[in-house]
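Questions regarding the structure given below will be posed in turn.
So that you can tell them apart, the chains are marked A, B and C in the order they are listed, and the count of residues begins at 1 in each.
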């Protein structure tokens, strides 16, 4: 099949960007979206034009490196990562618009590559359990009800790709933050730091210039790992609880 | 974050007010006496502990504060969202489907419309500075006068505004509950359904009065 | 053969204590010199890579009080490829009371490695495995649990006890995120300085000690030199030399290869693991292969049609016309034979012309029986995410049509040679995780990579590196130091060369061609003739690369083609060494199968009298024959015998 691509091109973070149109021919339906971009880049390189920069690594949907907005939807028409989106989801002759994640907290570095360091800083603020190496009790010391373990796991599957932010009309990073708060908050090991964690992470989230959450739900609708929206409510509950108990740190 | 909670709490106050307000409105079907007495009683509420209209003024102040708080947090979140997005997308599309998004997409402009409506509504039926069908000291008459068939445009404006309120509530009630921590995976659908239900009840409840007048069911 | 390499002096691991294997780790921890906590602040360590081995080491060394600087090429440390490991992590907890023990894990691992690993190292790995699970649970890793709230276990690839802990099909992800969070905690505490989007391109060696690295800032192109008292490489394996592998696109050998060029010996480079359950190649454009957890073999049955070239829909092939070849050849282990055996058996049936799918390079992995036995909901609960992944990639529904699988390059047992302390032959250069060669011998057992990465990073290295650091801090260096300057200059001139060739072929086209050569001649089956041909063709292709590669753009920008070009250039040199290693080892063992060395029924035939050693290669100049140093392997506990899974 033949595809027309409109791709955001931007030389570096300071440069002005623009949409550029390319034709990609002989696209096979079994190709992944990124393999289709590989084909474009091989063609551009051979023609002496700068290839399109995009982030990607594992290409099996788990590292969270890849992610672009395709025709207005983060990661495109299937609910999966961009690397696991295949060209069979498109038709011959389609025009596809490809843009980077747009958020002030994710500045564009080049073309479709953005800087998601703000996510790391949210984790630094408190997205962990303080368990220095060697201090752990036996793994069976603390049985955990399966329901809690499962809920923690569902939240823990977040891959930090940033689609939630890209899709949110407010450019909020609340689903990402809430996933971590819920993952750790559901486990007995996570209790001692629970109140302080949520306050510190939300403060950091706000400091990074993410927008506020208004419970629209676009984030969960595009999340390739299906992080449930109720994690945000859990975060709110934990936060109100923490604030009520005077944990204002 | 504090903004969200402010938004939610003030929203909840306003919803409670709307429920009470709707209850009062429905008194109209009890006839002029019942309706006028009800509105009179509002002014006597809390007497003699409070001066005449004291309770009412407390409620008014709380409501005004809620509206201001609600609007303030909305504007703040709005401007924050604009800043947080930075560069706009060339193409935007909802992943949830257009209908699910309609209520959320109209929250902000819908809110502005509602504020304008409330101003008109107070001038019309509370202070009676605007009196399409003639002024009156009886709240019942103000109502009946205002929605006569020949003032169909007033009714129409009310209908549209109340629908805007309903739409606003559909997402607003759910959102407030989620913000206050009530959402859980299993509760997500029931909560959405509940907020839709409350929104529908309020919409219908508020429309009954004016429409009944316009269509001559209440005279 | 001798023209291809030179034999040098033997090499020995001087650090492993003698005596009963059970006591060696205690003894070593006791004899290793300690560093006073107050002095640790004055000692600095560089850690390259943030996978399980790197993140856990950086976090633990940071907690201990050392001044740590950590580097990764990804945009966040959380993206390292450990994240893609699916199946699980082994630990000798014996929570199942099924006869497991540290000794059994040790035994299984030595045997599974086909007697080409060190007993001392493997025993320590088994001992430490127990602590890893405790540590990870304490960090909040959400392992699978049973209704009683206790941890669940499963049996995994080639063992008969249930000792594998797992977190659905995302164990690697959950363990890595645990380590990543520990790392971020130390970054917040200021003990670790993190540099993302930085790629190590050279090692700085001063007075015989590893003292720093040269990195390229992948956003600005700036070439920076960082110094420390010790350098830890945790940069992963080199499976991408085959172009198509289950590795992430960015996985590369550059960090370890640069260290090798500076004097670190490279151990057993030809030991490559080919994983049996991957989704087959579907076209020329394919950029990577996707693995499906080996756990699928617990309930799925592998078969091909008995008839050659049978093109019928698999559901229409009656039972008696199917060949469940693993169950037939290996009745004791059936579909659960170790990876190397399962992979080669698949290759054999496909070579016979009985393969299925496009190009005949695939075998069926069939869940029809499992669905009948357990019911679809149970299968969904256990394997749902894997089935979804398969369907997403292939567009076929595995609940209805058997999956097609084919082996793919997955893991490299070879790596930089290290002693018991995980120190390479360059003092001050430590190597952990897949980047070193040490624990898996010629074949790695399933769920052992995560175990080794975390063992090295959390528990081994932090207890051995102090022995070296106690002699520090060493002389302060700055960028003007002649050795540092020379290293940075070398990096710059290489980049300049790559950018100035301005040839006609893209980097990927070279990489693909190299990958084809390696897969054809240095893949699942190797012959002397093929390997000689491969060496010749690699050399020709390398020459062509340096005269005809096309890399656009400049250095002072984000330039992904330039990054790739540097990595592929190093793959060329490694590829040749792999072939030389494979050629010189005229026996079959583990993942290394030489067609010349097999038993009558086609099984791998080891030659313990000649080859029971680690081949540790010394770099001897570009294009010059490398020098082979042998480390003899002794087995005091596990009797060397031919593996049999029949």
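Methods note: contacts are C-beta pairs under 8 Å (C-beta built on N, C-alpha and C of every residue); 3 or more make two chains touch, one makes a residue touch a chain.
Please read these numbers as outputs of a predicted model, since none were measured by experiment.
> Which chain's mean C-alpha position is the greatest distance from chain B's?
Of all chains, C has its centre farthest from that of chain B.
> Pick the pair with more C-beta contacts: A-C or A-B?
When the contacts at A-C and A-B are counted, A-C has more.
> If I average the C-alpha coordinates per chain and also across every protein chain shown, which chain's average lies closest to the global one?
Nearest to the common C-alpha centre lies chain A.
> How many angstrom lie between the CA centroids of chain B and chain C, rounded to a whole number?
Whole-Å distance between the two chain centres: 63.
> With chain centres defined as C-alpha means, what is the inter-centre distance between chain A and chain C in Å?
Computed from C-alpha means, the inter-chain centre distance equals 27 Å.
> Please compute the C-alpha centroid of chain A, do the same for chain B, then give the distance between them in whole Å.
Distance between chain centres: 37 Å.
> Considering the complex alone, what residue numbers of chain A touch chain B?
Of all residues in chain A, those touching chain B are 6, 8, 19, 69, 71-74, 79, 97, 99, 102-105, 108, 167, 169-172, 202, 206, 209-218, 221-222, 228-230, 232-234, 236-240.
> Which of the residues in chain C end up touching chain A in this complex?
The contact residues of chain C facing chain A are 56, 59-60, 63, 74-81, 83-84, 93, 95, 131, 133-140, 142-151, 167-168, 170, 172-174, 177, 180-182, 184-185, 187-188, 194, 196, 219, 246, 248-250, 282-283, 285-288, 290-291, 389, 392-395, 458-459, 462, 504, 506, 508-509, 550, 552-553, 557-558, 560-561.
> Please output the residues of chain B touching chain A within their complex, sorted ascending.
Contact set of chain B toward chain A: 1, 3-5, 7, 77, 80-81, 83-96, 100-101, 104-105, 107, 171, 174-175, 177-185, 187-188.
> Can you list the chain A residues touching chain C in their complex?
Within the complex, chain A touches chain C at residues 11-12, 28-32, 34-35, 38-39, 42, 45-46, 48-51, 53, 55-65, 78, 80, 84, 86, 88, 109-110, 113, 115-117, 119-120, 123-125, 127-140, 142-146, 149, 152-153, 156-157, 159-160, 183-184, 187, 189-190.
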